[in-house]
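Okay, so chain A shows up in both of these, paired with chain B first and chain C after.
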Partner chain A sequence: MKAVGARLPRYDGLQHVTGQSVYVDDVRVPDMLWAKALRSTVHSAEIKKLDVSKALRVPGVHAVVTHEDVPVNIVGHLAALGVPADEPLLAEHEVRYQGQPIAVVAAETEEIAQEAVNAIEISYEEREPFLDIRKAFDPDVPKVSPSGNLFVYEPYTERRVRKGDIDWAFEKADRIVQGVYRPAAIEHCPTETQVALVVPEATGRLVIYSCTQAMYFSMGVVATHLGVSLNDLKFVGGTVGGGFGGKVDTAAETISALLAIKAKRPVKWRWTREEEFLCSSVRATWHVEIADAVTKDGWILGRRTLTLHDAGAYTRFSSYGATKHAFHLGGAYTIPNLSFNAYVIWSNHVPTTAMRGFGVTSVSFAVELHMTRIATVLGIDPWELRLKNASRVGDTAPTRVVLKDPSAVPTIQAAAQAAGVELASEYRAMTNAPRKGKTLPRHLVDQLGAWRDNGGR
Partner chain B sequence: MSLIINGAEYELASPPLTSLLNVLREEVGLLSPKAGCQQGGCGTCTVLIDGEPRRACLTPLGAIEGAAITTVEGLGDPRNLSPVQAAFHEHYAAQCGFCTPGMMMAATGLLARRPDATRDDVLEALAGHFCRCTGYVKIVDAVLSAAAGRVDTTRPEPEAEPGEPSVVIPGSPA
Partner chain C sequence: MAKHRGRGFSAIEYPTGMNQGGDPSQAWIKMKPDGRVDVFAGTVDIGQGSKTVHTQIVADTLGVPYDWVTMDNSNTDSSPLCTGTFASRGTFIGGNAVAVAAERVRERLLEIAARELEIDPSDLEVSDGEVRAKGAPDRKLGVGDVAAAATWTHGELITGSGAWMKPYSAPDPDTGECDPHAAISYAACVADVEVDDETGEVRVLKLIQVYDVGHAINPTLVEGQIEGGAMMGLGLGLLEATYPYYPALDHRGDQFGSYLAPSTKDLPEFDNVILEYPSSEGPFGAKAIGEMANNAQPAAICSAIYDAVGVWVTECPATPERVLRALERRSEPRREGKRIVFDEDLSVRSVSATGGEGFLAVDG
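Right, the complex of A and B next:
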């Protein structure tokens, strides 16, 4: 254990403190143009008219791109995993969120580019937006996508997790403890806003300076939109002014590339702080409902949950995030009987995306508040309730994986110690070791028994 | 228009309403001041104007004719760091590094004015300087250690030595 806990110098520390780190905005190339975007001013609308001819006539403008310029406009971030492509790079006949890019201009200066954007003629026929995901099951709400507002996990409309015999648990329970938890959306707010610089080479290859957190992933997204192969792109990245998940989406690279191809000049697109806040993806809003079947002495026999995840206008990574969420809804605790349903819901909010612990922080928020609620309802010490139900070696996760080295017990003990909480001796002495005696109640004896008896369903 | 930037005199062609940030980045080519918001909200563009930390994005060139400007490039190079630079390096006060130039210029301005700055002074000087990565603790610690002279500018590399875990975890196999 020489590396863990060692103080190693940051590999980029000296260049950071001497101002020598080269972020995308610091790359200097000759003849560079600046980009500015026309973005939707409304949450939901048909585009009735889009005319960029006046923008093209502004002196100093070198290119304008709309959806017509994109070889493959509709691409899915998780197409490689079989998730249907649903998001246009540039809006076609409709806009589904405020801030959605519609047309982008490259010009000699940012000011000229903005002037040209202002000259683009656009008219909308506004539609009623769908913004409250709790109403997703109401047949009268506006549809975000022609197929409705629910992403489909074939063959279900929700990600399901089932384990044990949930009805048995709710019959046997002394109390049912219910709660609703709603972690709100969060903007990643990196100090460096989204930015890309694309330099066309004489060979036709594009050099793409990118702030992406996911180089090879972003290369794939750009290549797919442009209909080119990966060796037509040279990505330069690795110096990122903060990302936190928000720079996994490929935000500025593809459009800058299209402009650079059209203008035959290098193009930089640096989002403003307003664009970062209003138009870049955010951590989703989640709505999590939990009902736990508990015994008087603090055992959790079963858990039912309903999760609504606000994907925003397009799927991006949401189906993956909600799957991860559903797999973790047991928290750090072992509950043998489970029924989890997690829905990915499209709304007219800005598309949501990965952020630090994607899908799982919403679990921690909901489950830990719920554990404290159970303790309060039962009049049990919240630390003891947690330690009692904490996963141990040999317990099974919601996915029925047998746990080999769970860390819940030592983590909760360390948290108690750090918080200055004196645990009762039996909880201080508790370890990860497989359950036996008092720590092995009947309902945890054969954790996969009911599932097997059900024929593995 | 003319400015003295990091000790050298510059004749500038930018129009007087150009922000100092754009003058430094786009005309002079000094890239340490960053454009985090260009509206005074984040502090990444902070430079010293006649010794005072100021937001370059909000300062029009025409308002500071003849002023002396200091940027991170004027503090020190990798072999000869200023105390503030060395402290930021030693204390891991730069993570992505994007806020770091502004933070360091604010700290440098503070310590020039108040070499014995207290924690409250540091918090006040860094107010309005936004860091999304570090959680600020390491930045404040770095400035305080520079104030206390507890930095070795000749050996800025932190020593690679195993540390003690701060919380002893009962039952941990380690």
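Right, the complex of A and C next:
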């Protein structure tokens, strides 16, 4: 029997549904300490005073760590790609979001650890927070980072996509259809909150029980913070109680490791449900503007877009997400003339991160609602509008990648069939085969011909 | 005051086999003395079933029954590198890595079998746990016998390792030109909704969803992604918001009781269609489905709201308040025009000035 294509049951399904799968919080080891964090209560502030001495005197407390205990405190998630590191593991002289960790305690129980956290003395000089990304270009708004509120894609402040002749498209258009689309920030809502257990071995190695979605990636982040080799660490994981992108961030592992090193005892840090909701990263707020140059019979000649992406207080993966976003703003369609600008904006919200569909979920919402709007404005069938513009073999994506096997046409046709929608015969007969001259309007033939001759550039 | 039915539609695409983090996956496989197979890879199963998919790929690549294969992704000492489970890369990149490793194990297996059968390895094939001579199927040896011979007769280990990645391609800052992914999956979604024009409440009655996944390694798991993803998409479209009054922080939910995620009560009727237009680079032609499964619903739902009551809700989630406000605004004139100011600086400045409608500087 062939396994590929078979409806085999999940490898670990019975383990999961009978409660036998072992998640990080199920692991208990002797002499384990529990961690609790002091987190910022304000959105933006200078830290004027931080004194942990009273916390250290609470009976049952074994270690307190602050930024001074971190060998390398500022590590970027995408440093390997040349994205500047901007986020401290533990806050130094300032906080940029409510919930940002400042100091962490390891104690005999979670209650004692919390008591010690409450005993830490801290004072802030609050600053006006910057919370609305739509004001990012206003010169008078507060600056989140000393360099401002815009991530820089050298040499620009935005990820750019340019293709064809956008001015030609808008000159030739019969109509210009525009819209502004704003999908909200949302939570990952995993059942398992962020959690880590770090066990220091007599050999000096740290065994890190982790709920990460990305074991080796997280191991690299921890090793960089601690300044150790990959063999000084052993990550144990591979089974996650819900991630959806939120556990690509390395959240509890490094701080738990620092506490375990300092206390010379195993340390577990499990975030409360409230911390998971309020302090862990979220899917970003997006603001997407689209203006399409269209002909009255439904050809999209050109598309201009402006995107604002709320990174929250630090960059994390946002520059990657907004780049991916920009590459897909054409949707499932081939539009010959494009001009996209996508900005990553720092704010004093919690840092945003990957979530299922990272960067493209916002595209799908904006572009597809916009397609419905175009069909409505032009008074043409929304199925036909999409089929007409759908990408075909040999078309080029906004990145100029030549599409080898686009299946937008058969996918849309199958949806029509399943929904009982009767397509006109020319649309029923359409395939994803390369476009021929007669399937194009006159004014596109010349342009597309030149475009193809130029290798789809 | 009435309930109105509407239908909306969306068609989407999603990249897989991406390289924008320069992300490789590695795998190694060893064979026990009875022919049973252990796969080691660092790919995290976040609930999508990647362990199942990987063992299926290994079983068929190697030519042994599925239940001969175990998979261990439990730690970084035994498993080689996988950068992680994100970017819909588990099946495509992780699956390619285990396929490459399994191919090498198969080669080693045939070398040992060739010695035992005294037949050239190129004249042998493996299927259903047996090594057979091509064209002479009665000349055969169980994979377990070959593994035993390797262990006890030849003093060797049948093993193999492999890796897969799409090399990083830096985008041109001026044009965005680059080669960022290995395949694209396509999908379409039809949403049938009911909108109550008195309460603003929107209910999704049915979702018809079509996904081209290249090749469904496990159709049951693909359907799980389609329906699970649809519920997340429904949450995006209708229910969920971290900051319900963005940019204000009021009423931020901090528990499941105060943050509105979809539940089984929101479950619509599903009609799932899986299409298979193979990818040239994916394992067994597979593309991916993981992330895109929550992308198509919000636009289909908001298009259906327009179809039902004639108003555009362009902010997600389409809460009852937003639907009712849109209904109140319905009589206002539309702002469509032929000419728009496209100066980039002016556009971004007007975003700031208007609170978010930069392009809507319509002229005429």
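Basically, the second predicted complex is superposed on the first by the 434 of 457 C-alpha atoms of A that agree within 3 Å, B and C clash if a C-alpha of one lies under 4 Å from a C-alpha of the other, contacts with A are read in each partner's own complex, and residues count from 1 in each chain.
FYI, a contact is a pair of C-beta atoms (placed from the backbone, for glycine too) under 8 Å apart; a residue touches a chain by one contact, two chains touch by 3 or more.
From a predicted model like this one, the values you see are computed outputs, not experimental measurements.
By the touch criterion defined above, A:Thr193 reaches chain B but does not reach chain C. Residue contacts after overlaying the shared chain place A:Leu8 against chain B and chain C alike. When both complexes are overlaid on chain A, the residue A:Val240 reaches chain B and chain C alike.
When the two structures are aligned on the shared chain, A:Arg392 is found in touch with neither chain B nor chain C.
Of the two partner chains placed by the overlay, only chain B lies in contact with A:Arg28; chain C stays clear of it. Once the two complexes are overlaid on the shared chain, A:Thr18 sits against chain B while remaining clear of chain C. In the superposition on chain A, A:Lys268 makes contact with neither chain B nor chain C. Residue contacts after overlaying the shared chain place A:Arg303 against neither chain B nor chain C.
Which of chain B and chain C touches more residues of chain A: that partner is C. Within the superposed three-chain model, A:Thr431 lies in touch with chain B and out of touch with chain C [touch as defined at top]. According to the touch criterion, the shared surface of chain A, contacted by chain B in one complex and chain C in the other, consists of residues 1-2, 4-10, 12, 189, 240-244, 273, 410-411, 414, 418. Residues 1-2, 4-10, 12-23, 25-26, 28, 188-193, 240-244, 270, 272-273, 409-411, 413-414, 417-418, 428, 430-432 of chain A are the ones touching chain B in the complex.
Taken together, the chain B residues at the contact with chain A in this complex read 29, 31-32, 34-39, 41-42, 44, 71-73, 75-78, 81, 85-86, 88-89, 92, 94, 96-101, 104, 130-133, 156-165, 167-172, 174.
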